[in-house]
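Following this line, the structures themselves.
After this come two complexes, each holding subunit A, first together with subunit B and then together with subunit C.
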Partner chain A sequence: MAAHRCGLSLVCILIFSSLAHPSSCDTLEKANDNTATKRSISEVNTDGSVAGEDMNERQWQSTDVEVNRSDGTKTSETFTPAPAPAPARDQFQEELVIRPLHSGDIYASFQFRTLWDTDFLQERQKKVSHYRLFPKSLGQVLSKFSVRELHISFTQGFWRTMQWGQPFIPSPPGAELWVWFHHTVSDVDGNWKELTNVLSGIFCASLNFIDMTNTVQPSASFKPLGLGNATDHRFLRYATLPREIVCTENLTPWKKLLPCGSKAGLAVLMKSEKLFHSSFHSQAVHIRPICQDEQCTSKAWELRQTLNVVFDHYTSGQGKKEWSLFKMFSRTLTEACPLASSSKVYVDITDNPEGELFELSPATHLLSRAVVLGDRRTYSVYDLTRAETFGQLRSFNLLLRWKGDSGDMLRPLLHAERYVAGFGLQTGEIHTVIYNNHPYRAFPVLLMDSVPWYLQLYVHTLTVTSKSRDNKPSYIHYQPAKDRHRPHLLEMLIQLPPHSMTEVTVQFERALILKDLTSSALVPSMVAMSTNFTQDQPLFSSFVPVKEESSYFVRVYTEPLLVNLPTPDFSMPYNVICLTCTVVAVGYGSFYNLLTRTFQVDEPSPPLAKRLANFIRRIRGVPLLA
Partner chain B sequence: MAAPLTLLLIVAVTIRAVLFRSSLAELISERVEVVSPLNAWKRVVEGLALLDLGVSPYSGDVFHETPLMIYLFHFTVDYAEIVFMVSPYFVDCLSCFLAPLDRFRKQKYALESDRYPADCLELLRSPKEMFYIPLKVAMFYLLNPFTILSCVAKSTCGLNNAIIALFIFCTLKGSALLSGILLALATYQSIYPLTLFAPALLFFLQRLYIPVNLRRSSFWFFTLQYAFIYVGSLVVITGLSFFLLGSWDFIPSVYGFIFSVPDLTPNIGLFWYFFAEMFEHFRLFFICVFQINVFFYTIPLSIKLKEHPVFLIFMQIAIISIFKSYPTVGDVALYMAFLPAWSHLYRFLRNIFLVSCVLLACSALFPVLWHLWIYAGSANSNFYYAITLLFNFGQILLVSDYFYAYLRREHHLIHGLYLKKKDGTEATLVLK
Partner chain C sequence: MGYYSLLTTCAFIHLLVFMPYAYSNYLENKAGQFFSSGHTNNWAVLVSLNKLGFWFNYRHVANTLSVYRSVKRLGIPDSHIVLMLADDMACNYRNPKPATVFSHKNMELNVYGDDVEVDYRGYEVTVENFLRVLTGRLPPSTPRSKRLLSDDRSNILIYLTGHGGNGFLKFQDSEEISNMELADAFEQMWQKRRYNELLFIIDTCQGASMYERFYSPNLMALASSQVGEDSLSHQPDLAIGVHLMDKYTFYLLEFLEEVHPASQANMNDLFKVCPQSQCVSTPGHRTDLFQRNPGSVLITDFFGSVRKVEITKDTINLTSSVKPPIQRSGSSDMTIESLTYVDQLPVAEIIHQKPKQKDWHPPDGFILGLWTLILLVFFQTYGIKHLKHIF
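And then the complex of A and B:
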């Protein structure tokens, strides 16, 4: 019987749009209104220059002063290392962003950032052995495997872009790991293999299932996000495990990496029975080198741990949109992490500027404004390092009450979906549909698709159509699969016309799957990224990068695909072996017969009685019978 | 003779042209019975697309044609239909050989007729019968549904068949040079025709009246000459591919693919399901056991049939088509085209009716069970496997039956048709 198998296909679209004057673009703002999220994932850096960071720092410092004003001027919150006292070589910041979604769900995003101005790779001769805030387990891994950048995410559930808008950091369902190795590494594959096994131990995940059959080296997607200008994709490894189940055993080791663990600070809210009782759960670790100062004289390592949850309180909570920290996490906050230099809670109140839609309690007069994914958002800020936040009860329980209905959600600017067409178990067609909802801007997107070897892609059937016209990709990189060794990798650069639907189709053939693969999953993934790098600035310079003239990129993952594969029936392997061998033996036997024997006239042998009689006669010496 | 042959050609071309233009063409080109990973047209197009993208077509697991083939299609891809329409007619050449063959045999008979018993006369074919054999062979090949399917699917198997047919034609015409070159080309295309070296050599030896005697220098002289032509052309062709491609990538991708059978897509052969079920540990051993079947029978058959090299060619082609790793119906059609040439064996066939029924029923059941397994989901792979098993069983019976009949006819030619036992009653022949 044809067994059902899980195939995952991810589309990752990195959009890089530079909006010169977003404030003047009313239509654009409208379109962005609902897609934008707290954090703008800003520029991808390939050239490693730091001019941009310099600008940011100064801006944030100056705006920090203006925090208390809610007069509509640009106010923003940042977590810059600059005001911190010089002696501390490492620092830790934490924040929680809560955003009510239009579907009635609540999106909570935790971010923990540890900065350490050491260099694991260059100081290898005098080994880094004294760890303060940075987790030692990860530090050792970084220096042992010469990792330059490491991004790992574990996700349960699928992010519904159409209902929820863009996430702060997108991630595909299951586990995703991509690593840039230092250019001094000679045996990248060996390092990668070991690294996945070590990480598998650190995060209690089945990352050890990452092998050459699901690892790809994207040539254009997944550029380094941190410092560094090496773009030689030989040092990049990317793999996803779409069937990885994320659960408590992955959360516990993740929490242990935090300086305060789950004892104090925002991490006390992370109770696994609540976090996993949600429609979407994603935890990630991002490590990258960034510039320590404006001239980039010294490097610092940044460890960002993020945890994103979407609670479906609206549907599971009797249709009420009210929420509170206690309701969501069954905990309240009592203190900030003592080691944290900053600890804040943000609530997105962009849709509620005058407080007519909902009401927050306790109220705060601290407001922050930031441009997130090209969209200006307003946030209420609760600073946990201040005693007055906790009030008389020494406990902080944020509460939101709805007064009216929220408006309609606008479609996200960029959206992609994917499905398998065709019937039967022999051939099929993968359709990927990418929507550009922008009214007048065309976006260059880079699609990456990694399809496991047991789907045989036919790249000559690749078609890209926009507005029912052929849209020829300007760049195609294709690496065909090798059976049981390597997946397909397809990357292409496509220009999405404004307000359009672009359909990418490619035909495939299903291979008869072998028994050693019956439990493994398919991982086709698609990545898109543009080459329109307008600014040379390290990405993620802060939790909340604020740049009014923002160019940003978005990564979109499509839903996983489930692909049925024809399978042999393993109920009777011995029968098959025996029967096939029998047929071969019949062939052999009949040829052997004809080859070795000759035709003779059949002379019937005398009957048994006569032969016996002759035998006795021979003994007796009597003449034989005829 | 010419008029019916022309008519036949017109009919054959019409059928193919109509099918090429119909919607069935696409359906046929996806059938696993008709195309294999080695010769599917879709994969040729994919290889060309990869070449256009600047990727080596052999870097993936999709393209397994030889480099010469891809460069042939690189220039003729727009005329592919014509190439495929034309290729079966080379097999027509096959039909032409039978006339000289039988004339040859007739002369031999006339010379040695004294030695044959008188009652064997009815075993020999009348000139009238022989006159129609080329037409029958052409008809059997050109109108064979297997050939038509293979041609409409643009399976490159048709081209390989054409090369083998040309090789046989040149061999029978007595051109050792062309025969050696074409045999090298056929070997280069799919390795297995390697075994046709022995019958070709035997034919030339017979033709030149050189006895097969290991102590005779003339035997060794000719053998080495022919081997040199063959190996030399093989080296030249392989070298040419290397210079066209610039790397040896095609060796593992084409010949490694044929020998190690990594692609287990169902086909009409014996390999796919066996190795899908086989434990990985024993894989290498059984690959050897299965692959050796093609080459295994060459030497014993050559010894047994050293007087009958044409029949030996037939036997070898049939064995190749049964035991090759990715067989298609096109391969079956090639050896079936020989069957009319052995029409004089008909009276000695033991179970031709049963075998015909089995083969016909299997051909009908292939698409049915495939549909049930892949599309309807109401059957499983075992059903399809059972049919492939039966089909191969039928083929083996057919080939061994013809072998039996041939040997028996030879026996009768020497010992007379109506054999008597010692006591004068009618004797039965048995193999001992």
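And then the complex of A and C:
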């Protein structure tokens, strides 16, 4: 068996090298096993990564360790060359990537990928009605609303780029949804509205609050992540709800979409009590069409469910600097999902080449190297489809014990911040600061800003400065807001000079709205930047396809802004009543008195002597004195 | 002797003959009882009316979740429960144990659990949405999980908890619903045949005022306090810092924990839950609109779910499996052109992007008005006789 595999693997090496780009290789090593297979990440070529690997993977056994993708996902399918006449038409892979962070925390990223060779949108084929691994609820949504791509994410917490580096798949706080519709759709807005309602029912979230006031149509910041020929941005819709809460009720339906549910495989680790006791929690669903094979003549649908969580029990002082699967998730792994063709756990050991930083147990000889967002990283691999991973106790508990103190982390190359400046409740200024920390390279960055209509932007005050000099963007697209109809949309393509800080400022005025008493508004995160970065070695992310081998694409989100909106003065009615009554009393009252008062002459009362004299005179009947 | 033996044999034969008859009679009675309740499905609408953003209203959410838990445990599935929680307590930043809501102090019982589906949350819990759910008049794009799809054979349980007063309930601190509106909503449900029997439980201050005005048939109501009385909260938890549950619902939960799907406990036992000695307030109930005797109404008629089982002794032939559609290779000649991925940031393309062709919209009201004004002035000045020169 081993020899057979060896032979096949050798064949694979030859095929790979012919397909692969000569400039860089991504190596796959097995220390004990000398059937090392060399694979190249850059074989992505223009057909997309999956194409090349699919064809080659079909010749491998399912227990082979595969290369790790730059965002840590398994994209290649592995299934034994089956005696059945037709290959499996849908398949499922799951993986968990654990990255120990410099601060002593742990970043765990789950990815579940279901591939299905069918086309929901093709008319000549029979309507799809038999669902096996692909969840039926999503399949019906895709065909009913003619959706080409769907990306939805729910996030709690904010990703701290300076402390944690770049995430595998970024997401803004709250809920984010962006959808590419098929070009046959005639009423995109109507479909969008109904789609958000249906998704709010599926994911138990208040996505029905997405309407025209928070939906935008970006013209350049979003391109389809799946296959697509024409990109007409009229079929793209993007919306975020920064205030959306994520809790167990969102995780429950998300888990139910998995083929094994939460009963077997990596999903047993998802216990909400532990997952939400973290500083960052993000779950997402990404659906897109990808190449089915190398020739890329037909499509397959890919459903990726990702869950990223950062446990910070050490930095928040709640625990020791020691991690295990049981401590993180209160569960250990007992088996892989039987429906999965591959089920693996990867641990990032790049910073620990000789084991001086931390110690990993149970030890493994399987290693994998991959290039992630420009970085070469090494991973220890645990294959859960193998019985020996679970050991004697039939349970797999990964233990990570920190030995030394890690140094400072390298600064991330791209970083963005956003804040509101100004004072008072009438005007303000939104400042966006983008840091380019590369010493000598400049990159183009596309900034997308979506501001709600109640912050009235003054676009004539927009300034972009880098290194205290004016930096004119090469492309600006601005769509002003319409009150209660649509938000502002500002997209700019800016060249960031190397090792610089670029600041984008725009002034705004707050509109007075009587929304509720606690009137503050969350301005959604700016979906910022994409960068193109040239380096010697090709870099690739399997999630984001790139045409050139020597570039990678990064999307960075900034924090959402909390803006205080002016509230009406509720003591005003009282003040008005007092003032009015005073004015009426003083002004009108005196005027009325003047007009209606009659005056009578009043004689002063005469002195006593005179009164006595008058009295006597009256008795005598003589005229009185004056 | 012979006579006696004849008698015993006769008796024996009679017994043999009539025993199966008696047994079948017994079965028929049981079956009759099975169908006598008259309902075929169960629904529950559980609403928590606390104001958004107030941590000390934790107990209202815990109340609703404990009823949710009992109802799920006794068999009603999530698809038949409409759960409306006006605030998120479990993942609130003030919760020292995230993703949990406890009903007993010392964190004994987590009523939030791991398998909860909240249908309406946060700002979606409004009077309008509540009444729309009850009457079924929801916009067409509302998903199924947010609808009450009951029919005339459904038994519905409605549970409300929050802050209330004499004749009204508070929703989100800016709205209220009055007892008359609620009674009218139930009448609408009755007219539209949306329920077979309805049990209404309310745990607020002066809760009995809410069911005073009901006038539709087949309604039974329970309240935690009479008019003029306040419903009190039960015990605080020092770690969480708030009162965990209200007294009435706490004892209701304890009572329901004893009930299992096959239990024969009836409504009279439910009326005895939380007497004044335990609850301080006087719970009340109303059964005059209900047609059956409360003593014959099982708890599981409302809190549990009916599962009708049909036992069949014949074999049933399953239809042959669905043939998968034509393989990819057959249709590959149709799609020859190779599909590609798109560049995520095509800088050159973006810079030279042509400005978006804006769709033509008919002129705005302002423009129309301006032109009308101009035309009017023109015709005013030059007179109508010039019109024929124009047209």
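A few notes on this one:
In the analysis below, the second predicted complex is superposed on the first by the 440 of 626 C-alpha atoms of A that agree within 3 Å, B and C clash if a C-alpha of one lies under 4 Å from a C-alpha of the other, contacts with A are read in each partner's own complex, and residues count from 1 in each chain.
Going forward, a contact is a pair of C-beta atoms (placed from the backbone, for glycine too) under 8 Å apart; a residue touches a chain by one contact, two chains touch by 3 or more.
In this text the structure is predicted, and so the values were computed from the model without any measurement.
Within the superposed three-chain model, A:206 lies in touch with subunit C and out of touch with subunit B [touch as defined at top].
Which of subunit B and subunit C touches more residues of subunit A: that partner is C. Once chain A of one complex is fitted onto chain A of the other, the partner contacts of A:338 are absent, as it touches neither subunit B nor subunit C.
By the touch criterion defined above, A:391 lies against neither subunit B nor subunit C after alignment on the C-alpha atoms of chain A.
In the superposition on chain A, A:598 makes contact with subunit B only, not with subunit C.
Shared interface residues of subunit A (contacting subunit B in one complex, subunit C in the other): 516. Remark: subunit B residues 30, 32, 42, 45-46, 48-50, 53, 55, 59-62, 262-266, 270, 272-274, 276-280, 289-290, 293, 297, 300-301, 304, 322-323, 373-375, 377, 380-382, 385, 389, 392-393, 396-397, 400, 403-404, 407-408, 411, 419, 421-422, 427-432 touch subunit A in the complex.
Residues 53, 88, 90-91, 97-100, 110, 112-119, 121-124, 139, 141-146, 174, 322, 324-328, 331-332, 335-347, 350-351, 353, 356 of subunit C are the ones that touch subunit A when the two sit in their complex.
Interface residues of subunit A, counted against subunit C in their complex, comprise 46-48, 86, 89, 117, 124-126, 129-130, 156, 193-194, 197-198, 200-202, 204, 206, 208-209, 219-220, 223-229, 231, 233, 245-249, 252-253, 271-273, 275-277, 291-292, 295-299, 444, 446, 474-475, 477, 493, 516, 518, 530-532, 544-547, 553.
Put simply, subunit A touches subunit B in their complex at residues 1-2, 423-427, 453, 456-460, 476, 478-484, 488, 509, 511-512, 514-516, 566-570, 572-573, 576-577, 579-580, 583-584, 586-588, 590-591, 593-595, 597-603.
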